[in-house]
Amino acid sequence: MTQRQAYPSLVLRAQGLACGRGGLPLADDMSFAVPGGTCLFLRGPNGTGKTTLLLTLAGIVAPLAGFFAIEGADPEAGPLLHYCGHRNATKPRLSVAENLGFWAAVNGAAGDSVEAALGRVGLGDLAMLDAGYLSAGQSRRLALARLLVTHRPVWLLDEPTAALDTEGHQLVTDLIDAHLDAGGIAIAATHDPITLPDPARMETLALGKAA
Amino acid sequence: MIDLGPHAIFIIAAYAGVTLAVAALIVWTRLDARRVAKKLADLEARGIRRRSAGPA
Amino acid sequence: MTIQTTPKQSWWSRIAHPGQFVAWTRPLLWPLTILTVLLFVLGLWFALYNSPQDYQMGDTVRIMYVHVPTAWLSQFVYAVMAVSALGSLVWRHPMADVSMKAAAPLGAAFTALALFTGSLWGRPTWGTFWEWDGRMTSTLVLLFIYLGIIALWRAFDDQLRAARVIAVFTLVGAVNIPIIKFSVDWWSTLHQPASVFRADGPRMPFSILTPLFVMFFAFTVLFLVLHLKAMHTEVSRRRVMALERQAAQGAKS
Amino acid sequence: MRAFSAIIGRELALALRGGGDVLTLVLFFIITGAIVPFAVGPDKALLASIAPGIIWIAAFLAMLLGLDRLFRPDHEDGTLILLRHAELPLPAIIAAKVIAHWLLTALPLILASPILAVLLAMDFSAFWRMVLSLLLGTPALAAFGAIGAAVTVAIRRGGLIAPILIAPLSVPVLIFGTGAISATQSNAALLFLAALSLMAVALAPFAAALAISSAED
């Protein structure tokens, strides 16, 4: 694999966080702290606010109560997080490499090169192809490659394994693991039983039971 | 050059415009053909062939 | 579906196979190109050096040698498209789609040229670049129809599905064009009873007809060459698209 | 700066490579203008006198028609959310998109306007004033349009609402735009138009960014 930069030691801490949409709380009174090198898995049935929690942490939806912060971050350092949602944000009429190159330019190309990132997610051969030809799983891999072209310490992953085959599951696991190696933080909402090689790095937050 | 009379400018403009447009059409057709042929050659060089590829 | 497995075929179904069509028509391309060049050289020589002034229009009659052929092509190309559309809808002939798509930009270009040369002819003869007379107006509407069809081709992602939809539209247009022509004629005579331009102009002398005919054939053959070449490109483009789709599937690990 | 030009470049590539958006808008512009003589008759003096108005209305309608492509595709495929975590602040991103939008929807109309000028029998000096007024006025239309598109982006089937919202806002652009061609105080109108465009272009990215970030909530 490629060499990785180490992130400053960060902690993502939430206290008494309640989130929901349209004023309707979906999950409330959540308190957790995710230190660098740890992955927090959000589990729970549909409709319990996993996506909303991720959107809240991404700063897109305002929290209903409580607060969260990324501690230890340099306030001058620009955006700290990657959000990877359900939608892949790929443009069918641009080639795979152009799609990724755009995000490298917009997010800052402080990471793997486009070719290297595509190679890591297994799309190396398709770089010149229009993204419209990609299958759902391939588009997903392209979306994941976006996390690699710009290194950011916090990953918020919403169903990262959606539409991926078993090999793709392994890819997601590897990517998260490598990210944690570099001292990154990952928060992933998933229904698939992903396990990291080192269980000590995994924490689980079950949503929908406490409420 | 022959004498085109008082309206020479219009005649020249008409012929020049038609020449330009026809030249543009020809160039565009050739460029398009070349681009597509190159793409096809690239793809076939990478070993992808259509099952029903005719003896073209 | 390969051509070898089907034993006997008429020429009709043989040219229906895109690869066969390209193989059959490619040898035609160069002779036709040479013919075009010869016709243009001859036609331009007649048009610019070896034809007299018209007693009414003077030298501007020379614009007619490029105007009339392009005006003819503007309608001829639409006829080609309409026939192709019919072939695409009725016989589902694969080359008909290709022919339809390749013809549209050429038709638009020739129609635009007809309008362009027409207005350059109009300025010295009528004193204005544009007159809302029946002929010019309906040519303008024809140009809009061409451009709309091109826009429609570009709007579709799936070119195979696009072909059938566009074939329907092309035929609707073909039915509609005479109606447009009639209504525009009615509209223009309503507003200006004395037309500035008579369709049945003065009888043309032989010396004007010769260059006109040569240029007429030169432009028509030019269209045929370009159309054929564009069709070949379109066949290749479809193969590229099929291969790309296959590449995406094949690379799926 | 690289990110800024990357956004503009991508917008241009997307529009030019497929969909035929630009061609469609130019066609709409020309057809809207060319259809007027069928309704009012081909009297040249009449056409020449109303030509500035026709051309401005055609440009106005064409630009309203193109609004939907500004943010909606990016909203639907999730790009808009991701752009909020880009290195550039959201208003800068929107400014880049507005510039690209102007290049794609206004510039082609201005380039095509000579055709309408010939069809509508405009004289030469009026034509130049019209090109000038379009150049000065369309940035304001693009900027107002960005606000309308941003406000309606989260509404499903909001495509028709944006033009209704934007039309009243753009009335001054229309007034000064046509005034700059025909009125006696045309220079003053041109200055007003330029001021309006500057103001709109400066403010619209912030307003649109605010609208987009609240729309997701």
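Descriptive notes on the structure:
Read from first to last, the chains carry the letters A, B, C and D; within each, the first residue is number 1.
We adopt the following convention: a residue touches a chain if its C-beta (ideal position, glycine included) is under 8 Å from a C-beta of that chain, and two chains touch if they have at least 3 such contacts.
Given the structure is predicted, the values throughout are model-derived calculations rather than measurements.
Comparing the CA-atom centres of all chains against that of chain B, the greatest distance is found for A. Set against one another, B-C and A-C show the most C-beta pairs in contact at B-C. The centroid of the Cα atoms in chain B and the matching centroid in chain C are 15 Å apart. Averaged C-alpha coordinates give centres for chain A and chain C that are 54 Å from one another. As a whole-number value, the distance joining the C-alpha centres of chain C and chain D reads 33 Å. In terms of their C-alpha centroids, the spacing between chain A and chain D amounts to 37 Å. Of all residues in chain D, those that touch two or more other chains are 18-19. Shown for chain C are the residues in touch with two or more other chains, namely 157, 244, 247.
Residues of chain A found to touch two or more other chains are 125. If you check each pair of chains against the touch rule, the ones that pass are A-C, A-D, B-C, C-D.
Taken in their complex, chain C has these residues touching chain B: 1-3, 17-20, 22-23, 48-49, 53, 58-60, 62-63, 66-67, 70, 106, 109, 112-113, 116-117, 120-121, 123-124, 222, 226, 229-230, 232-233, 236-237, 239-240, 242-244, 246-247, 250.
Those residues of chain D lying in contact with chain C across their complex are 18-20, 23-24, 27, 30-31, 34, 37-38, 41-44, 118-119, 121. By the touch criterion stated above, chain D contacts chain A in their complex at residues 2-3, 6-7, 10, 13-14, 17-19, 74, 76-79, 81-88, 93, 213, 216-217. Considering their complex, residues 119, 128-132, 140, 144, 147-148, 150-155, 157, 187-188, 190-192 of chain C touch chain D. Residues of chain B touching chain C in their complex: 2-8, 10-11, 13-15, 17-18, 21-22, 25-26, 29-30, 32-33, 36-37, 39-40, 43-44, 46, 48-50, 52-56.
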